[in-house]
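Below you'll find the structure, written out as structure tokens, and then a few comments.
Lettered A, B, C and D in written order, each chain numbered from 1.
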Amino acid sequence: MKGSRAEEKIMSGCAISGILNRKGNRFSGEEIIDSIALMHERSNGLGGGFAAYGIYPEFKEQYAIHMFYDDLDAKEEVEYFLNRHFNIAVAEKIPTREVDKISNPPIIWRYFAMPNEQKLSEFGLADDEYVAQSVMNINANYRGAFVVSSGKNMGVFKGVGYPEDIGDFYKLEEYEAYLWTAHGRFPTNTPGWWGGAHPFTLLDWSIVHNGEISSYGANKRYLEMFGYKCTMQTDTEAITYLFDLMLRKHKLSLESAVKAVAAPLWSEIERMEPKEKKIATAIRTIYGNALLNGPFSIILGHKDGFLALNDRIKLRPLVVAEDEERTYVASEESAIREICSEPEKVWTPRGGEPVIGLLEGREEVWA
Amino acid sequence: MGLDYNIPEFIIERDQDRCIDCQVCQHQCANQVHAYDQDLEKMVAQDIDCVNCHRCVTLCPTNALIIRENPSEYKKNKNWTGNMIENIQKQAATGGILLTGMGNPTAKKIYWDHILLNASQVTNPSIDPLREPMELKTFLGRKPDQIEFDDNGELKDLPPQLELDIPIMFGAMSFGSISINACKSLAKAASDLGLMYNTGEGGLHQDLYQYGQRTIVQVASGRFGVHNEYLNAGAAVEIKVGQGAKPGIGGHLPGEKVGAEVSKTRMIPKGSDALSPAPHHDIYSIEDLRQLIYALKEATDYKKPVSVKIAAVHNVAAIASGIASAGADIIAIDGYRGGTGAAPTMIRDNVGIPVELALAAVDDRLRQEGLRKNVSLVVSGSIRNSADIVKAVALGADAVYIASAALISLGCHMCQKCYTGKCNWGIATQRPELVKRLNPEVGAQRVKNLITGWSHEIKEILGGMGINALESLRGNRLMLRGIDLTEKELEILGIKHAGK
Amino acid sequence: MKRVYAREEYCLGCKLCEVYCVTSHSKSKDIVKAHKLEEITPRIIIESKDNISFALQCRHCEAADCTKACITGAIQKDEETGIVNYDAVRCVGCWTCIMACSYGVIRRDEYGDKVISKCDLCITEEEPACVTNCPNSALEFEERE
Amino acid sequence: MDYVIIGNSAAGIGAIEGIRKVDQEGKITVISDEEYHTYSRPLISYYLAEQVSAEQMKYRGADFYQEYGVETRLGDRVVKVDQDDKLLALESGEEINFNKLLVATGGTPFIPPITGANKDNIYTFIKLDDSKAIAQEVEEGDIKEVVILGAGLIGLKAAEALVKLGVKVTVVELADRVLSAILDQDAAEIVQQNLEAKGIEFVLEDTIEEFSGTDRATAVKLKSGQQLKTDLAIIAVGVRPNTELVQDTEVELNRGVIVDDQLETNISGIYAAGDVSEGYDLVRGSAAVIPIWPNAYRQGLVAGQNMAGASESYNEGFVRNSIGFFGLPMITAGIINPEGDGYEVLSSKLLENNSYRKVVLQEGKIVGFIYLTDIDRAGILTGLIKEEQDVSQIKEELLADDFGYLSFSEEERRKLLWL
């Protein structure tokens, strides 16, 4: 693929930001661009991106598949696959504008599609699992093709460049979402590859991530046992899959998933009430290889809201703020103040302490 | 036979200016090497009987003793080395098989030494274990794929787990092959440290029942000392199929080591040879193994994990996979450098494969089959230091068994004469006057010191990697790089070469 | 008070306690010189036969018979430290103490005609030399009921 | 509380130390007709032989009385004991009240009725003054030959001292061997040979009939008719309890002052200890005078504690002696020449180095022993007598050179050695 995929693990520092309107009211991408742009110095122009939830109300029942292609051959091969396995309602180029600082983009395309009913029953899979496997199949086996996002009523817009330029490039001011997350990337070694920018996604899950996961090797091999193919040599991809595994496949509550990825210390578990202790012990025993170790702050986006989380000893920054309708989360407080000068509440979560922003009425997702 | 064609292996040098004729060396040598000569009025030594166990050297209060390899050299010959010649002389004199103790000493590649560890620089911080929590806790036992709650939202109990505060256990060494004081040292150390020790095929001496929660009781082909109380006294049961030092052959505890206590514990007549058959005569197939695993689970009311220990041999990955499917909760793999109380030299030095390669292959295979997340993997067979442990865990092990290292901490100086029963350090012996040389309180403390030291080192290494919990190291082969390894070796180990 | 207790189950019979006792009570405090150049009777007695051995030294009894028997007042119990002290200057070598000590841990000094040889707990050291140097912790220096 | 102790030797000192264990306040007065700071009576022969100085004779340090808060009346003598008024009259005219009294007056040498026994140069040998007087004679006079009557402990220690001073000594003894009270025939022979080798001559199974001479004896006539020249003589045929003081009181006497196991006499508040007393003999199982130093101290100590209100008892008395002549040591205890049935006697062969051992058993328990020459660890046997330990299982080992605690079972050993 153009700029080629990394063959070794990518290390990076970053800026992240997210805005949720808890009432589900949608707003344009301008604010998230302003917020992430403020942290310009935390990126180096080698990657920027956005996840937006609620942007495709007219196709909200369809899987919105965003694709990068290196060339038309790749596009043709993937479309052949998609046509065989999906019923495609719409296939179109994602609108972009010429931006000076953005060069050499891939072919960027999107599809609104549903799994082919016949195939579904043939494999005996739920449609989300079918989509997930298809995504990993394309990413692993189709040279020159990359699935950027695959959820419903959401999409990811990313590329090589500073995030504000990427936002400009994708005309994000024209989209309206109730949840935006954004990422500015500072990789230390990577070639400029569009697929390598954040957010990473699977189905509805999107991750923006600042940090480096020292446990990546363990997490990756653990995921592989469940059929995940970590093809991008990045911990962010692995984090995405971990959440997919626990939340979607194992039906864990967000709270339990947090106890796995940012597990309480054994000394803390020791002090818990018996029932809580038993559960926490079981989670660490079973999901030990899901523990994310090393410095990170992440925002996990989802159709119901977001989870922001630091590593358990807080080695990366994360700030949260709230006003009447919205919850903000960012690497730096200034990035929040830039778009909400007088929040009602601002705080810095402790290491391992999850910050949950959910749409009103969706609180049961937590526990 | 007349002339002994062998020359002394070691030469004892005594500095007469230092020697004070205190005769400590004489009192301490079970091989009766040292003696005070009344006529010469000085200490003298019988070099040919010396096994170089260093007991006398260590206890000599004036450091008057030095033991050297006999400098007499054979004519240079890369093929017919001195060692080869001596072995032939021994057999020509006795007609017996060559016996030996402890692990394989030959100069074959030690893969641990060709694997290097990673550390964090800049992009992720290393963690200082003196300031930050550093967790080494590990659970061994069968894990479900996912956490499960019942209809009332109550957590379903996990299958039985062994909780280890440090991913180290003391490997199987039977009472009989080692002394009761050695057993007590290990059992007490395991209890105090929150680890496990393993009874080996020696039954459980009554004094050791108190350490039951830290005991893995072994069931081997001789079934010595196995009864219901025994099975239920420990926290886990291990079926020993094979041993790294002597894959494919059984065990032999000579009758002179079967004293009253060993006899009672093993439930065999006093003075009789304890012969463990090469195979379990109720396991001729994987389905037989499954039956035994479930028989033991039945006997222990499904409250104890069952481990299956095998020697690392050529098709170890497939065997391990079969064992996992047969219902074992823990698989223990013993590499060809593993120790033994007694083994035929030719077997020990030529049968089996390195545990590093076996571990990598087994971990890979179990992952390919999706079984690794369910079954625990323990490796052994010459884990020599904390770095070996870190490498083993990164290659994919949950924990390690150490045995030789533990015995060394008790005083063993690797003379490899365990099979003679005359261990001057009170370890591999049943002679009361030698057994009491190992004070189990001192022994337990020394073992604990060793493990404490190792655990500090493991924490330092983990911290350097930017990891603060052991589970993030398990199977994390990105933390490893190879040097001086071929592409094939790197491929099997699943690691990159240094520089990549 | 802290006393030395032998644990015969761990006594090797190596007699290193004796070696270090002699060194500790030598003028040179040098192990080689003490044995090669000085004449010192150890203050410790080792009983050893077959597989059993143990070391014995003055028990520093509460009601020490030797102090009561001593005809010169050369052996007296220090009520503060509990140590049964011996003053060679006052001793005439009548051996009444040997007669009185039911532990048999006082003996004639082989190298002096009137002094006895008896453990002094190496009072100037932190713990007695025999205890420090026992390779198997078969001697313990501790307070017991 | 007023404590008065008559006697300043082992029992008296024991009593002072005993009282102070219990009572730090009460007044203690010690009265002795000897003017000396407490001294060690057994050392008088060493003093005579110039082996110890006057300073070294002291049984306790120079500040002993001060340290223990003791008033002394040394060189004075109690002439009357008023048991009703609890009052003592002293020779000096002083009267002293007491609440508790200890009679520790020791023994008096027995002088048999021999013609001429009152001559100036005839001595007994139990006090420092005796030793000083003899020493002075040897130093000043022309003393070349001395006859000693009695080959017991006192006689032989005197003989040893005089030989060391260059005097020729002849010992006359009625019994057939030396040290007949503490040795058997075999051991006595060795000791005698050893003493003879040093120049002492013995006349056994004989006694002195007459000391001849004017003021001073110049010769002795023996019962056998033999005549011996002498420049000085010492009578050492035995010591009797010095009960004189209490003879006029209601204190009950036998050979000595009768005491119970708390060392109290029949008169409440009056105690006796040491050579004057007659307490329980563990070995004989009956009352006896046990005139030995360690016994005196122990009795004094227990008496002192009880005087001060404690309730200690002492039942461990039996005869035991450690003595040596010219470097030949011996330790003996209890019954060593058993008479009658019920005894078992074990004895070793005489060894070249004059080593000899003998143990007497009764009902499996040791009641007496002799260790000659190789005396180390003899105290183990003393202890076994005291503990009344059954040793029938280890009889064979009792005589071994290296007899020790190894001979016992581990359990017994742990008990005996408190391990």
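Just so it is clear, a residue touches a chain if its C-beta (ideal position, glycine included) is under 8 Å from a C-beta of that chain, and two chains touch if they have at least 3 such contacts.
As the structure is a computational prediction, the values presented were derived from the model and not from experiment.
Compared with chain C, the chain whose C-alpha mean position is the greatest distance off is A.
Annotation: C-D is the more contact-rich of the chain pairs C-D and B-C, by number of C-beta pairs in contact.
Taking each chain's centre as the mean of its C-alpha atoms, chain C lies 29 Å from chain D. Chain C has its Cα centroid 43 Å from the Cα centroid of chain B. Measuring from the averaged C-alpha position of chain B to that of chain D gives a distance of 69 Å.
The mean-CA centres of chain A and chain D are about 104 angstrom from one another, to the nearest whole unit.
In summary, the structure contains touching chain pairs A-B, B-C, C-D. Residues 17-18, 20-24, 27-28, 59, 61-62, 432-433, 436-439, 441-442 of chain B are the ones touching chain C in the complex.
By the touch criterion stated above, chain C contacts chain D in their complex at residues 5-8, 45, 47-49, 52, 54, 56, 59, 65, 68-69, 71-73, 89-90, 92-104, 106-108, 113.
Listing the residues of chain C that touch chain B in their complex gives 7, 9-16, 18-20, 31-32, 35-36, 50-51, 133, 135-138. Per the touch definition, chain D reaches chain C in the complex via residues 14, 40-43, 46, 51-52, 56, 58-61, 293-294, 297-298, 301, 320-324, 327, 329, 331, 333, 375-380, 382-384, 386-387, 402, 404-406, 410, 413, 416-419.
Taken together, the chain A residues at the contact with chain B in this complex read 8-9, 11-13, 188, 211-212, 214-219, 221-222, 224-226, 249-250, 252, 256, 263, 265-267, 275, 278-279, 282-289, 291-295, 312-313, 315.
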